Each structure stands twice: as C-alpha cells, then as structure tokens.
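Same chain, two partners: chain A is paired with chain B first, then with chain C.
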Partner chain A sequence: MTNDKVFSKSRRNALKTLGLGAAATTLPLWARYAQAGTAEPIKVGFQAHKTGIGAAYGRWYERTTMAAAKKINDEGGINGRALEIVIEDDGTDPKRGAEVVEKFATRHNVDVGFGTLFSHVVIGSAPRAGELKLPYFVVSEGHHVASGMLNRHTLQPCITDVKSQVAAMAPFVANNLGKKVTMIFPDFAFGHDHRDFFSAAIEAQGGEVVAKIAIPPTESSFTKYFPKIPRNTDVIYHVMVGPAVLTFVKEMGEFFGPSRPEIFGFIDSLEAVDINSPGLEFLEGTYFWEGHPRYAQANQTEYDKAYRAGVGVDNTGASISDSKDIATYAHMFGCWETLHTIKAGMEAAGYQSTADRSKLIEAVEAMTDMPEGFAHPQGAKLFNGKTHQVFGHQYITKVSGGRLNLAHTTSIEDTFYPDEVDYTKQSF
Partner chain B sequence: MTDMTKSLSLHLGLIALLLSLNWLLPSYHHGNLARIMVLAIYAIGYNVAFGYTGLLSLGHAMFFAAGMYGMALTVRHLGWSPAPALIAGILSGFVLSVIVGLLALRTSGVAFMIVTLMFAQSVFLIILYFTEYTRGDEGFVIQQAQRVMGGIDLSEAHNRYLAALLGFGVCLMLTWFLVGHPFGKTLIAIRENEERARMLGYNVYLHKLGAVVISGTISATAGALYGLLFGYAGATFATVQYSIFPLLWVLLGGAGTLLGPFVGTLFMFYLIDFTSEITTAYMLVAGVALVLLTLFAPQGFMGELRKRALGWLP
Partner chain C sequence: MEFGPYLLLASMEGAVTAAVLALTAVGLSLVFGVMRVVNVAHGEFFMLGAVIAWYVASTVGGHPALGFVAAMIIAPLFVGGLAALADMVFLKRIAYDPERTIVATIGLLYIIQQVTLMTYGPDARPVVPPFNTRLALPWFEFGENGFEIYWPWGLSITSYKLFVIVAAGVILLGVWGMMTRSKIGLIMRATQLDGEMAQAFGIPVERVYAMVFGIGCGLAAMAAVLIVPIQQAHYLMGGDPLLLSFIVVIIGGLGSLPGTVIAALLIGMSDGIISVFFTPTLAKILATLAVALVLVFRPQGLFGTREHD
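Right after this comes the complex of A and B.
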C-alpha cells in the first residue's frame, strides 16, 4: 500500500519553514483547505493491478490516477479537503480484489473505492463493496455494471462498456469495410461478449457474420484457424488478447500475404505495445477501435494536450521519459475522468464523511451530461443513473505510416442500448 | 491428562477462541479471519492427502472449483436455496474426487503430481468451454438475496464469520477423529512406508482412494462455502496457483499436523497482506519465507512444535 498525499503532513511541515515568498505562493491553496469542516483528506482507495496479468494496464492506471489527484489538489481539493490516494495491489485476482476492497473499507476507512479494470476482479470485488456500503467506481469497460449483475454501490461513470463499444462499431464496419464479417475471438467471456454483441449489431446494419472462429485461450499458434475464414469474407473482426497477439498478427500476415480482406480489431490486445513493433507490419492499413486515440490527432483539443502533459504522455502515446514505454491510452483516461466525477459528485452531495456515501451515490446517479473539458478530455459523455453506466464517443483509427490516424468518431447515440437494470430502485 | 484429552482440549479450545473472537476482533481482522477459516478448510482437505497420506497433488483446485461451481451453478440456473446448493457443491467434489482418485491413483510419485495437474487443467478448461453457463474467466455474482439460509443472511459479517467457523470446526474435528481412527493411522503408515503397509495386509489402493475422496470432498466444501459467503464464483479459483496455495499453507503450517493448515493459512494471508503494502514482489517474500522454513523448520510451524515440545500433537 502506498499513501500518496500530494499535501502530506511532512510537506506541510516543510512548507512552514520556507520563506515568506514561498509561503505566499501556496497561501491561496492553504486558505481553501482551511475552509473545510475537517482537515482530514478525502481518501480514495485505488485498487491497482500492480502485479498479475493486468500489470501493464495497472502501471498506467496508477500514473493517470496520481496525475489527476495532483491536478485536483492543485485546484483546491474536494470540498476544500485534500485528496489522498490509497493504493493496494489486487494482483489482478478476484479473491485478492475482494480482500483489498475489505481492507479499504475496514482498515483504511477510505471514502470510496476506485479504479478496477479487469472484469473478473470487478465481479469478484463488487459484492463485498456492496455489503460494506462502499461506493465502488470501476474503470473496467465490462458490461457487468449495466447488465444488472452488480449492486447500487458499483458505478462506471467514465468509461463506456463493451456492449456499447461493439454496437457502435457496426455502422462503420458495414458502411465502410464490408457487410460479410468473420469474427476471430478468444473462447472465453470477453470474446463471447464481442461475438454476441457484434453479431446482433452488424445484422441490424444489414450485414452478417459469416464465420465465428473461437480460439482456445491456451492456443499459441493460429495457422490452423485461418483456412476456416470463408472466401467471401469482406472484413475480419479480431479481438485477440494476451501475449499471443503478436504471433496472431504475424501468422495472419503470412497467411494472407499482400491480398487480404479489410481488417478491424480492438486495440485492447495492443495496449502498451508499440504499433511499430517487429511483426506488426501487417497491420498497416487496418482499423482499430480506440477508446481514446493514442496518437495526438490533427484536431487535438486543448483538453487532450493538458491531459497528456499532466500524465506524462507524448504525442505518440509513449511516456515522456521513455519512448519505449507505451501507454494504455485507449482506457486510462477513465481513471482521470472518474476521479473528477467523484470530486463533482462529492461537491454536489456536500460530502463530509463516510456517513454521506449514499448521498454521493445519489449525486452521481443524478448526473447526465458530462461535457468535454479538462475533467473529461476523452470527449463528452452521457451518464445513465439508472444503469450506473456512461455512454460516450468511440474512435476508429487506421494504421497508416506507423501511426494510428483517426478515421471516424461515433456519436454518443451510436452507443445506446435499452436499459437492463434500474439500480436506483435498490435500497442502500 | 491423556494425550487424547490434551489434544481434544487444544482443538476445541481453538474453536472456542475463534468463537470468542467473533465479538472481539475489529472489523478488518474479523473479515480476514472469516476468509482464513474457509481457506483453512481447503488446506485441511489438502493435508489429508498430502500431509497424512503422502499424496502430493498439484490439482486440488479442481475440487475447490467443483464445490464452488456445484453450489453456484445450482443457485444461478436452478434457483436452489443455499442449503441444497451447498450440498450439491459438496457432492460435486465427492463425485469428482472418486473419479479422479480411481484414475490418478493408478500412478504414484511424480506421475501422480502430473496427472492431478492435468485433471485440474481439464476442469479449468471445461469451465471456460461452458462459458455460456459459467461466465468463464469473468465468473458471476451470487446475489445477496440468494445467500439467505433459513432466514440467516450469510452476507452479514457475523453470520458469515459464524458460518465459516462452523465449517472450519466441523472439518477440523472430522479430521481429528480421522487421524485417531485406525483408517487414519493406516494412512500415516502408508505415508511412512507404503510397501510395509501393503505387506502387512492393508489394501493400500483403497485407503489412498479413501484419502483422496475425503480430501477432495473437504476441499469442495471450502469452495462451496467460499462462493456462498463471499458471493462470487469464477474460473480463477480453478487455476494452477490455487492448487499451489494449499500446498504452501500446509508446508508452512506443518504437513501431517491437524492445526498446521490453519496456522499456515493464517501466516501466509497476513504475510501477503502486510508485504504487499511494501513491495510488489510479495510472492518473492512468501517464497523466501518458505525456503527459510524448509531450511530451519522443515516440518513447518506445528511440526516443529510437535518435534520440540508437544509430542502428543496429532
């Protein structure tokens, strides 16, 4: 566990010893904190995938979270109180995840839990969050929240879920790439979600899935699957994950050679991977879903510029300090935005202590429009308080000259689907 | 006081101590101990096969998962209430352990380890293959309303703790009875010298099969209880690491001792909980602890205690 107070006691003590000039520069911030009813910080428990399969994501989720916390504290904190991030490693494991949530609630006494990405960790942890009455803000993109599987204490206010992401891709694929689609996906829940949601969405666009090729999760070579791709395929839709993706792309390139169908994939498999890595040359000219474009685009907003600068990411999506350290850019904005939403919710609820947790949840449930801005650099969003799920723009980029260039931005409406739950009817 | 009386007093005393802690512990440790007791049941099950019979399995996660899914799937798809679902989970582990025992016990030593590992991997892949029903790697939630047994909400902290203690106490005392019974003593004889036990006329195969079935069924009880008390079932619990955990717990606590599984689980839980606050290499710390223990206390905590001071410990 790491306690990372941007304004820790030791720093305050150090500041006291500084000269008047230095003190004057920090005085407005002190003054703002002094107005709060309590000097205690707002504590946000960050459930981090520091180890395990999600470690690459976890590293960048942590950097983004700390950058957002710094920004929030620099701007006066939350309700006049400093924001403190309490980090615990969940090992990307649902059992440890549930233990971490318990630790947040009963040992660290945090105000909210936050930041979980991997679906199995969310699903394993959320029951305990609900039982412990701990508001649990996840950044997972799983459909588990909006499906109604979880509880009123679990919210996903700043990253869209896989169902809306997939559905929003269908119009672009059908209208620009082709109507006969072969899907290649891992043969477990994540892949099945893509299979089911996209099949329905492409049919609604007048297209069809001509083959569904499920790859067993233990597979390390894919050559035997490519002959199963029907000859009339217009588009290959792939959503492979894990380290085998590099082999998958290389073998797919060797199979098709220069003549291939259109190819569309989800960037999830290549998050934290340089698109110019050896073996990925075959991706040139193919398309990707991105939650937030990794490469700074021609129409880059000032919000994206500020966000990149805050987190320490350059215009190619790499760390400013190490060009080989590629960000999980398509997802990590969710941490930045969720922390700002927690702040907005606490301020709307007049949040003072853990006794106000229900008020916080009600305040977030009451949110609807989230305009694009410094708090929401990925784009505008629309939050559905009933399903605890946000909806927002999706980005489709094309690999061109070793860059991911924006080809299409969906509307928020493209991502809508009927409500499957109304959490506001559940009691606290 | 006879050795048996001392032993009985010690084990019942531990259960009484754990009962009293229900009202004394702060909520953080209270929640931890409930979880530790359920995991200790798993370790107790593993200890029957490994500690008392000398069967080193690398696939016990399949029994834990069988119990968990046997319980959870009947709740999710058949709408069963917790009590019959719990029994379904335990029976699932029983049936699986009979099948695995019949086949795997045709091998021994390293081959037994590999065969159990392969069976466990098969169970894991079956869970993924039937994702439509199991939700595969993601798993699924067992809702709070589905965890009310006879009017008792098992998601409530004290009820959960007491249910975990009940399960732990029953399994602990069952194994206490087992190791004092001629059947248990025969298992120990098989562990010490299988050929001699065979020469003396014992049916080694049947005894080993009995040990695997008891071990698997207790492990399945732990899995079913875990899902019921903590509201989640997922394929992660069928992965290799969940086969390795009980081995570590038992080695640390003392293989072939009744209290070793509990002590080892308790130690390892807090070791990971504490060291993960300091470093991401907390499993390395756990590994170093295990190496040190192997070097300086090869029989584990309780094993060393038995060797040095309490020779009557079962």
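Right after this comes the complex of A and C.
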C-alpha cells in the first residue's frame, strides 16, 4: 500500500510538470486570442456519420472539417476566439441525428451545429435544431432546405442541392448522350430528389425518362435490378450511395458486357472508391457529375492546391498517407467552405455568445456573392438568403485513361430555379 | 427483357444468394443443433471472414488466385479458432444457459463489429476474384423460322458466380460427410442427442462444444470468403446474413442440416425471383411471413423433429 502511495505521488508530480510543459508549448496559441472579449472558444458541434452507411463520407468530412478548423485557428480564430470542433457520431441514423442535435444544444452548449450529409438524417435532425433555436449548417445536397420543408435555423450555404445540380446536367445529357434515359437511384429522400427533378429537367430538354429503378441504399446485390432497363435506353443515369457502391457499378458492367449504352453517373456511385478498381474498366469513356473534380485538372487553381495540401489529399484524390484511401472529394469541400462561412457570418454579426444566434442567421442570410478563394476552393458561389440555399458551378468529367478529366463546367446561372420558400419571413 | 431470360437471370442470382446463405445457415444450425446456443454473433463471424480475406488477399500479392486460396484457408481457420476461444472464455462460463448465451452473443456481436470498425475502418474494400469472365447466355424462341437460339441483351453470369455455387455445394457435401461418415460427426451427433449421456460415455463434451462453435463460425467465414470478391468486405455486412440465416434455420427446422439447405434454396431463390419481378421489400415481407406461418403451424420447422423431452 505504502509503496503504491509513494509511487502515485511521484507520478502525480511528474504529471504536473508535464502539464506545465504542455501549457508552455501552447502559450503563443492562447496568447493570440487574448484580445477577444472572452477567452472561451467558439464551439461548433459537428454531427458526423462516423458509423453506419455514411461512414466513408463521415471520415473525410471529419478530416476536412479538422483541417479547415486548423486553418481558421492558425489565422487567428473567429472574432479573435479559438474555434473548437465538438464531434458526435449520429450513426447515419435520423433518430440518433436528432439526439445528437439535442446533445449539442443542451449538454455541449455549442454555438452552432454543422456538417450533416445524408438527407434522411438532415430531415430527422433539423426540426429539433429549429425547436432548440440552434443554427444548423448542413452539407447535404438535398433539396429539403430550399423546398421550404425545414426551418429558419437550417442553412445550406456551401453545397448546391440536387435540384440545381440535375437542372444543370440535363442539357448536357440530352445534347451529348441521348434523349431516352433510364434512371437508377437510391430509394430514399436524396434519390427521390434525383428522380423527380431530373425527370422534369430532361423533359424540358425534349428527352424522356423511360424507366425509374429505385434500389434500397442497404442493398448488396444488384444484377437482379438491371433487367428492368428497357432495351431502347440511350443513356443510363446512375446515382447510388452506401457501402456496396463498387458492387453496384461492377455488376452494371457485367450486365451490359460489350454492348453498353451511354452512361452518365453521379460520382456518389463511386465516392471513396478507386475508379481503377478491377471490374470498372467498362467505365472508360463514360461521364460523371462531380461537385469538385477528384483528379487535379490542367486548370487547377492555387486555392484547390492549398485545399488539397491542407486536408491531405494528393492529385489523384487519394490520401497522402495511403494511396488506397480515396477521398469523398466531390462533396467534402462543403465542410471546408461552410466552416469559413460560419466564421464570416459570426464576424459580420459581431457574434459574442449563444444569445447572438439569430444575428448570425441574419448575417448569413444577408450574404450573396462568395468569390472563389482559399475559403471557397471549389469555385465561386451565389447564396440565396431567402431559401437558405447556395448555387454554384457543377463539373462534368469523363473517364479517360483511368483518370476523371474535366469535360464541361456549368455556369452558376445553369443551376437556378425559382424560389420555393422565404425563410426570412419566419420568426426566430 | 422478355420473361424467359429475365426468369433465368433472376434464378441464377437467386442461386448465388442461396449457395452462400446455405453455408452460413448450416453453421448457425450446427451450433444450435449440437449446443442449443442461439448465436446472435453469427453474422459478425461472417463479416470477420470477409475482412480477414481482404487482409490476406492484400498481403499475399501476386496472382489474385494465390490470395484467394490463402484466404479460403486462413480466414475460416482464424475465425473458427477465435470462435472456439470465445466459447471457452464466455459461453462455457455461463453454462450455455439459453437466455444468457443470447445476451453474451449480442455482446460478442458488438465487440467484433466495433473492433473491426476501429481497426479495419468503415470502408467497403474489394477482394479481386481469382477469375471473372463474363459468360453471355443464349435463350431460345419459337419464331417465324421455328426454333431459334439468340443472345438476349444483358443475360449473362460470371464464371466466378458459377464457381461460388459449385464451391458451396462441395463444402456442404463435405459437412454432410463429416456429420454422417466420420467419428467426429458421430461424437457431435451423440452430444446433440443427449449431452449428459455422451459425457457419461467419456465424450469430452466441453471440447466438442468449443469445436462445434468453431466449425459453425468457420462455415460462416467460408461463405464470406466466397462472396467477398462479388460484394466487398464491410463492417456492417453481417446483418443481412444473420437475419436470413435465422429465417432459414427456423423454416428448415432448428438443428436439421438437410432442412437448412432446402430452406436456404427456397429463401435464396424466392428472394432473387421476387425482388426481380416485384420489389426486394416484398421478398423480405414474404420470407418473414413464412417464418411466422412456420412458427404457428409447424414450430419444429419443415424438416425438424419434435423434441423428445
């Protein structure tokens, strides 16, 4: 016993010394924020899909978020205060999503919630954020924000929604690939957005959707769905999510064999998957929508260069430390940019504490132009404060020689559609 | 696609599902039959087989067949060993009490799943099949020119999928041979009929239990190694096989190997065909309905025998 005590005592002393040393090394960091009114950090609650079907995205969303937070802190934080990211796993599950939002607001007392991707989780969580009056910045692509389904506290300021993405894709598909389209999409909110908005958009171009094939996102075997593709299909339009996306694309290739139609896919079908995986050779010459081109392009900007370096992604979209670890590059820029937008909003609002949450939302609603830059490496954007939704450039890449090469960049105007809601008229 | 080729394609997809399902379910059935243990972690041992197959295949290098063969040997052995260890460390300690083994195996389920998530990560990773040629299949019709053979668009299977069906059949024959023709099988059957009496005759029941648990989980791992070149290794992939295995084992009769195989064929094929012509959800609804009907009208399963005691 006595020996134990002596040991623990000396160990405690050792720890104390260590602690002092650690504090000393961080001295310049907290000294930098000394001019702020309060030394408390700004807390951003990051709702992460660490587990569940969104886990591959979640890992990269987290890396991007932490890299952006480091950049913001290195540049002096927000309003002179350090930025702290509080991470909670939602299991890519709507019910747990709502619980995580509640935990952010009541237990962690965060300033804002942030980072949710999967549309069903957003739809499950946003009402709770609204009730708790927690500003909730999602990075989801779903049309549910701009459709008016959610509330004034939910914003999507840095990733475009499916409705505007497909509106911009339809002319390219109809003019370059064909008019008779078969759609294959996941059977939940996000996939239904694709189904509804692309059908309308392609009809506006004089084309038609000849078949709509919905597949549950948890499905693991796909060949049985492909016979539903009508023989007169010119173009396959595919978008799939979940852990089995590689099987999906591989089995599609095996189904068609040497006589495939034109294929246009959303890169979601192959996010976090190497396009040079065995069995994907048939994709050569097919096209993909990408939110942000995975492979560094010939016209790469210095912003994209700095962003890749910050997050740790090489020029082929793989992790610098592991070439087999492919990023969800087409989506994760949204985390980087949204965090910068939260910073800009807080600085414009003179944000001090959670009492200023409404001011923050008003400040973000007042934003319009977001110029391309180190804060917005994906490209310039135009934010619509009424619908809480951003609009931006879309990229179409073509698979050639095992790379995704840029074939077409849409203008921001290509992605516009009429407003469906005015959140600014809702009270806080 | 016309009806005939469509049905053929659906049946072949169903056959692949059925083959893998039969292997997995026979493992579950064996464990329940001999030990009366409901192994809720069975699906996780399946997943572990797939994950180890990925580790082995990506370590071995060279021709994909080398890695695949190595995985086919190493993964079931490792998973079987781990399961036997789990049996000795956990299940033996709680005296194979039915309720407590369920709770213990639920615990195992989460431990295996989360440790895999923490080490292997959340990604779905592919294993390259040892061979994979697309085989286009012909169909026939009676048209204006009489009997004709043609090649319908999309009607094909890969050589590897055919191999999965054959390999699963061979392994199942092996299991049947082991149970009916070998001394180990005799000992297992004796333990299944009456554990206490077997012990009285000098059968080391505890060791038999550990071995059966190991073999049962090893079979799940084998099924996973077969399927992983088609699907990918992912830490959540154990859920579906577990549910389907339970359905199969209940319909076929708990502890009956032939019943399990026939029920696996029934469920696998109907899943393939119903989800092609209607929806995958309907296939699951019908399978669950079948379980309910079996439980109400024939609780011992289609091929099970009533308990003597």
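Everything that follows uses one rule, which is that the second predicted complex is superposed on the first by the 367 of 428 C-alpha atoms of A that agree within 3 Å, B and C clash if a C-alpha of one lies under 4 Å from a C-alpha of the other, contacts with A are read in each partner's own complex, and residues count from 1 in each chain.
In this text, a contact is a pair of C-beta atoms (placed from the backbone, for glycine too) under 8 Å apart; a residue touches a chain by one contact, two chains touch by 3 or more.
Quick caveat: nothing in here was measured; it's all calculated off a predicted structure.
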Which superposed partner A:P278 touches (first chain B, second chain C, both, neither): second
Which superposed partner A:A189 touches (first chain B, second chain C, both, neither): first
First (chain B), second (chain C), both or neither touched by A:G142: first
Partner chain(s) touched by A:R231 [first = chain B, second = chain C, both, neither]: second
First, second, both or neither for A:H340, with chain B first and chain C second: neither
Which superposed partner A:H120 touches (first chain B, second chain C, both, neither): first
Which superposed partner A:T51 touches (first chain B, second chain C, both, neither): both
Residues of chain A contacting chain B in one complex and chain C in the other: 50-51, 216, 218
Residue numbers on chain C that touch chain A, as the complex places them: 1, 5-6, 9-10, 13, 16-17, 117, 121-124, 126, 128-129, 132, 134, 136, 153-154, 156, 158, 230-232, 234, 236-237, 240, 272, 275-276, 280-281
Complex interface listing, chain B residues touching chain A: 26-28, 30-32, 35, 125, 128-129, 131-132, 135-142, 144, 155-157, 230-232, 234-237, 273, 276-277, 280, 282-283
Residues of chain A that touch chain C when the two form their complex: 50-53, 55-56, 58-59, 216, 218-221, 223-229, 231, 243-247, 254-257, 259, 272, 277-279, 325
Complex interface listing, chain A residues touching chain B: 1-2, 50-51, 88-89, 91, 93-95, 98-99, 102-103, 106-107, 119-120, 123-124, 126-128, 130-131, 142, 144, 149-151, 187-190, 192, 216-218
